[in-house]
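The structures come next, written out as C-alpha cells.
One chain, chain A, links the two complexes that follow: it is found with chain B in the first and with chain C in the second.
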Partner chain A sequence: MTDVAAGVLALGVALFLGVYLVSVLDRFVSDLVAGHGLTANVFWAGPRRAVLLLLQQPSRTERPDAEAWAFAPALLGALGALGLATIPLAPELPLADNADGIVLFGAAMALVMVAVFLHGWSANSVFPLIGAYRFVALALSYEMPLALVLISAALPAESLSVGEIIRSQTDVWNVIRQPLGLPIYMVTVAGLAFWGPLRLPDAADLSGGTRAEVSGPALAAWEVGRSMVLVAAAAMGAAAFLGGWLGPWLPGVVWMGLKTLVLLVLIVWSGHHLARVRTERFVVVAWVVLIPLALIDVFLSGWLALAAR
Partner chain B sequence: MGVTSHRGAGRGAVRDELRRAVGKIAAGSAVPVFPMAGVGGRDAARRIRLSRRLEVVSSPRAANVLLIAGEITPRLLRPAIRIHDQASPPRATLFLIAGGAPEPDVPSKPEAGSNTEVAAVESALRTHAIRDRFFPFAGLVHQESEVEAASRALHRDLVLAERATEPAIQPDRPPLPWRGRGPYGHGGKGMTGGAPYGRPLPERGNDRDGLQLDRLPLRIGPFFPPLVPGLLLDVELHGDVVQAAELGPNPFSGYVGASATCPFMRALASPVRIADLELSRARSHLRWLSDALHALDLSALSIRALALAERLEADNVPLISAELARFSRRLERSRTLTWATRGVGHIRVDQVGDTHGPVARATGVEADARCDDIEYLALGFRPIVHDDGDAWARWRQRIGEARQSLRLVTQAGDRRSGGAGIVEDPRGMIRLQTHTLDSTSQLLPELVTGREWGDAVLAAVSLDLDLERDARLTSVIEEGR
Partner chain C sequence: MTIGTDHAPLFADVLFWMLAVGSVLAGWRVFRADSMVRAAYWLLASFAGTAGILLLLHARFLGLILLLMMAGEMTIMAAFMVMFMMNPAGLNPMNMVHQHRTAIIAGVGAFLGLAAVGVFGEFPARPLLDASQVTADLGVELLGDSMMVFETAGVALLATMIGSIALAAHRGRFGPADEGSEPPALVPEAETVRPGDSRDEEQS
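Up next, the complex of A and B:
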C-alpha cells in the first residue's frame, strides 16, 4: 500500500516538474527566438498565467455538450499521466512497470485522439469542430509509425516491459542500434502533443482551433493536459531510445530527467522554428515515407536481435 | 449569534486577503489582449506583439483586454460588439483614438485647417461617439505609446477586482424562439425537423468529390486574426473545404481620405526621396512577413520580423540589411515553410488581370512602375520576378524585394522620384490618370474556392491585402474625377 502511495506521489511530482519545465522551456525558447533579452520572467510567466486563467470565468457557447467539454481536458491529462506511469523513472522507481507497459503506453496515446476530438466537438462551434476533424484525419498517420518504432525498441529486449527495454540497452542504446527509431518517434510526438509543425487542431488559422471557444480554468487544464502528454512522450523517448536511467556517476533518476529534458528541448525548439505543415502533406509524407521507414526499422531491428542471440 | 457573525467576518477578511494575494500573482502575468483594428489602427494593433507585457491571443474568449485601435466604421461596429460580448469576464475595452502612429520617417505636417486634419478630427469624434454610446466603461488613450501601460492598468484592476468587468452590450438571448426538437434541434420528422432559433438545418450540396454534404454558410471577419483587418468573406464550408466564397463590402469605404503621411501618396503629386519610398516599402514587406509568420503559429519569429520593420531607419540600413539576410536565409532553407506554402494559392498568368505589384511579379509578370522611372533606372533597378505564382513564390518575392529596397536606400542618396501621377507602392501600381484600381482582393474568392480552410487562409495571407489602401485609392481617384 505504501508502495502505491509512494508511486502515485512520485508520478505527481514528475508530472508537476515536467509541466513546469515545458512552460519554462517554451518561454525561454520563445524569448530567445524573438530576440528579447532573457529575464527571470521565464520562470514565473507560466505559473502566473495559470493563476490568471483560474480567475477568468469559463465561456459559454450555444448548446455545448457540457459534460464532454469538461471531460476532454481531464481525459487528456489522465492519458498523459497514464503514459508516464508505464515508464520506470529509475530502477528502484517502477510506477506501473507491468509486463506489457509499452502496449499500455501506446493505447493511452491512441486515446489522445478521443480527448482532442471531444474538446473540439463539444463547444458546438465551427472552428473547434474543424480542428477536431483535422486531428482525426491526422491521427492514424502518426499513430502507425509511433507503434512501429516502439515495437522495434521492444524487439532487442524480447519484452514489452519498459523496464526490460531499458535494461536491454546496457551495452548500446537503441538510438545507435536503431538509428531510424528516434527521429521517426520525435515526429510522431509532435503529432501526439499537437506541437510545433503538427499543431493542426489548435492552429492559428482556426483562431485557436479546438481551444477557440475555451477560456479560464478549462483553458488552463487543456494546456496542462497537453504538456502532460508531451512530458510522457518525451520520457518514453528517453526510455525506449536513450537508455532511460542508464548512465555513469549520476543516480538513475537524474539521467532519466536529463534525457527527457533533451527531448523536450528539441520538441519545444521545433515549435518556434518549424512552420505548421498542411494536413494533407503530412498525411502523404507519413504514409509514403514515415510508415515504410518504420517498417524497415522493425525488420532491421528484428534481424539484428535474432543475429545477436 | 454574535460569535458566529464575528467568525464569519474574520473568514471573509481572510478570503479577501487570499483573493488579493492570488490576484497580485495573476496581475503580474502578460495581459491577454485581443486587438481589433479600425481605420488607421492596423499598425498600432500589430505592434502590441512587440511588447513582452502584452500577449496577443487568437480568440477573444481568452482575452482580458480588447484593444480597439482606430476608427470603428458602421460596418465594423456590430462585429466589435459581438467580440466584446464573447470575451470571457473579467474583461475591459481600451480605445486608442488617434489612429496609428505616422510613418516614422515622414514628419506629418498637415497644414492647419487642411482637409486631412479636418477628416482626422471628424474621425476621432465619430469614434468618441461610438465609445460613449456602446462602450461607456472602456478605457481611452490617445497615443500608441500609452497602450501598454493602460492595458496593464486595466488588467491589474480587473484581476484585483478593483474594476468591475464590463457588462455585455447586447442581451445574451436567442434572436428567435427555440423551435428545434430534441436537445440539439435535430429531432422531428426525418433529418430536417425543427428550426433551432429560426435557423434552418443546413442545405445539402455536392462537394468537390461529388458527395452530398451539408453546406455551412459562415461569415468570416472583419476581425479574424489571421486575415487582414476589415476583410469580410462570406464562405460556404463543406467540412473544412471552402465550397463558395464571396467578398463582402469594404468596411473602410468612405471613411478613408487621402493621407499626407504616406510617402507613396505624396509621390503621386510631387517628387519624394527614393530612400524614403524604399524604406517604407521594406517596412511594409517586413510587416507582412510578421503577419504571415504569425498565421503559421510562429509567433516568436513573427516578433523578430516585426522588430526588424519597426527598428528600420535611414541610419541603420546596413545593420538591418545584414540581419534580414540571415533571417531570410533561414526562412528560405526551412523545409516546413515550403511544405506549408508551395502550391498553395496558385495564380495563373491569365488570372493576374489588373493585379499589380509583388503578387503579379511572383506570377512572372514583370510589371513595375519603377521600371519607367529614369531615377530608378539610373540606380540599376531591375524588378525581381518569380514564375511559380504560388504562396511560396510570393513569400520569396516580398523578402527579396525588401532586401532589394534596402540596397536601393543605400545607393539612392538624394535622388527623388514621383510627381507624375504614377507610383509603385508596396502592393502595386497606382496610376491616377487611367483610373485603374488594383484588384488583388478580387482574386481572393477564386483562390480559396475548393481549397481546405488551412490552405485558403495561407493563400489569403500571401496576397498582402490592405482594405484601407483600397478604400483610400477609391476615394483619391473619385476626388480626381
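Up next, the complex of A and C:
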C-alpha cells in the first residue's frame, strides 16, 4: 500500500511541477517574442493568474447543461493525470506500469475529445458550440496518426507496456530508428492539448471558443487541465521516442524531466511563433499526409523489428 | 465469476457491483435524456462501466480498447444525429424515443435472454495464470483462426464509413451540396425563382 501512496504522491508532484513549468515557459517565450527584458515576473505570472481566476465571479449563460459544464474541466484534468500515470518516470518509480500502458494512454487521450466537446456544447452559446465542433474535426484527424506512431513505438519492444518500450531503446532511441515518429507525434500533441498552431477550439477568432462563456474557478480548472494533458503528452513523447529515463551520469528521473522539458519548449514555442492553422486545412493535411506517413512508419518499424529478431 | 488474483475478493466484488449497477443506470438515462448529445454520452458512461468490468476480468486490452473506441464513436454518433435531425445544437429538448411497445419488448427480451445466459450458462472455471498472456492470445486469435470473420466485419464497417462520408460530404456524388437545389416557388404552381435570377424575372 505504501508503494501506491508513493506513486500517487510522485504523480501529484510531477503534475504540479509540470503545470507550473508550462506557465513559466509560456510567459518566458511570450516575453522573449515581445522583446521585454526577462524579469522575475516569468515565475509569478502563472500563479498570479490562477489566484485572480479563483477570486473571479463565475459567469452563467441561459439554460446551460450545468452538470456537463462543471464535469468537463474535471474530466480533462483527470485524463491528463491518467495519461501521466501510465508513464514510468524512472525505473524505480513504476507507477501503474501495466502491461497495456500505451493503450490506457491512448484511451485517456481519446476521451479528451469528450471533455472538450462537452465543455463547448454545454454552455448553450454560439461560439463555444462552434469551438466544440471544431475540436471534433481536429480530434478525428489527429487521433489516427497519434495511435499509429504510438503503435510503431511499441513494435520494437514487442510490448504495450511503456516501461518495456523505454527499455527497448537502450541501444538506439526510437527517434533515430523511427525518424517519422516524433515529428508526427508532436503535431498530434499540438492538436491533443489544442496548443500552438492547432489551438482551434478556443481560438481568438472565435472570441475564445469553448471557453468564451467560462470565467472564474472553472476557467482556472480548464486551463490547468489543458496544461496537464500537454505535460502527459510531452512525457509520453519523451518515453516513447527519446528513451525516457535512459541516459548517462544523471539519475533517470532527471533525464525524463529534461527530455519532457525539451518537448514542452517546442510546443510552447510554436504557440508564440506559428500562425493558427485553419481547421479544414489541418483535416486535409492529417488525412492525406499524416495518416499515410504514419502507416509507412508502422510498416517500416514492424519490418525493422522483425529483421532485428 | 473470474476475478483477478491480485485484487482482494471483497474489493473486486464491491467494484463489480458498482460498475454493473452504474452501467445499467446510465443505460436507463440514455432513454430518459432529452437531447442527442446527452443520450450519446450516457451511453458512453454505460460503456465505461462495461469497460471497467472487463478490466476486473483481466481483459485489460479489450476494456481499454472499448473505452478508446467508444469515446470517438459516441461523439461521432452525436454529431451525425444532430446533422440528420436538423437540431443544430442538440441542446434543444426533444423527444428521443419512439415505437414504445416494440422497443420495450425488444429491450426486456434481450436483457432477459442475456441474463439467462449469464445465470444458467456453464462457464469454464480456468484460473488465469499469466495475465500478460491475454493480449497476446487475443492477437493470435484475431489474426489466426478468426481472421476471416474480423476482416469481413472490418471491411464492411469501412465501406459503411465511406458511404456515410459520401452522403454527408459537401462534395457528394452528385456534385456540391449547395448547388442545383430548387428553392420552392413563391406562388403555387409558379416557376422557381433563384436568388441570382432576378434580372431574368424583370425581363419576362
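In this text, the second predicted complex is superposed on the first by the 309 of 309 C-alpha atoms of A that agree within 3 Å, B and C clash if a C-alpha of one lies under 4 Å from a C-alpha of the other, contacts with A are read in each partner's own complex, and residues count from 1 in each chain.
We take it that contacts are C-beta pairs under 8 Å (C-beta built on N, C-alpha and C of every residue); 3 or more make two chains touch, one makes a residue touch a chain.
Owing to the predicted nature of the structure, the values given are computational and were not obtained by experimental measurement.
Asker: Once chain A of both complexes is superposed, is A:160 in touch with chain B (first), chain C (second), both, or neither?
Answerer: A:160: touches chain C, not chain B.
Asker: Looking at the overlay, does A:58 come into contact with chain B only (first), chain C only (second), both, or neither?
Answerer: In the superposed model, A:58 contacts chain B only, not chain C.
Asker: Touching A:45, do we find chain B (first), chain C (second), both, or neither?
Answerer: After superposition on chain A, A:45 lies in contact with chain B alone.
Asker: Using the superposition described at the top, determine whether chain B or chain C touches more residues of chain A.
Answerer: Of chain B and chain C, more residues of chain A lie in contact with B.
Asker: Give one of first, second, both or neither to describe whether A:136 is in contact with chain B, with chain C, with both, or with none.
Answerer: second
Asker: Let me test your reading of the model: by the given contact rule, A:280 touches which partner, first (chain B), second (chain C), both or neither?
Answerer: first
Asker: For A:69, is the partner it touches chain B (first), chain C (second), both, or none of the two (neither)?
Answerer: Touch partners of A:69: none, neither chain B nor chain C.
Asker: For A:194, decide between first (touching chain B), second (touching chain C), both and neither.
Answerer: A:194: touches no partner chain.
Asker: Under the stated touch criterion, which partner chain does A:121 make contact with: chain B (first), chain C (second), both, or neither?
Answerer: The answer is second: A:121 touches chain C but not chain B.
Asker: Return first, second, both or neither, reflecting whether A:104 touches chain B, chain C, both chains, or no partner chain.
Answerer: After superposing on A, A:104 lies in contact with chain C but is clear of chain B.
Asker: Determine where on chain A the residues touched by chain B overlap those touched by chain C, and list them.
Answerer: Comparing the two interfaces on chain A, one with chain B and one with chain C, the shared residues are 63, 133.
Asker: Spell out the part of chain B that touches chain A in their complex, as residue ranges.
Answerer: 22-23, 25-26, 28-30, 32, 52, 57-59, 61-62, 64, 86, 88-90, 159, 174, 183-185, 196-197, 216, 218, 224-226, 237, 239-240, 293-301, 303-304, 307, 334, 336-337, 339-341, 344, 452-455, 457-458
Asker: Could you list, by residue number, the parts of chain C that touch chain A in their complex?
Answerer: Checking each residue of chain C against chain A gives 35, 37-38, 41, 44, 60-61, 64-65, 67-69, 71-72, 74-76, 78-79, 89-91, 131-132, 135.
Asker: State the interface residues of chain A toward chain B in the complex, per the touch definition above.
Answerer: The touching residues are 29-36, 41, 44-45, 47-49, 51-52, 54-59, 62-63, 126, 130, 133-134, 197, 199-200, 203-208, 211-216, 219, 272-281.
Asker: In the complex of these two chains, what residues of chain A are touching chain C?
Answerer: Result: residues 63, 65, 68, 98-100, 103-104, 106-107, 110-111, 113-114, 117-118, 121-122, 124, 129, 133, 136, 139-140, 143, 160 of chain A touch chain C.
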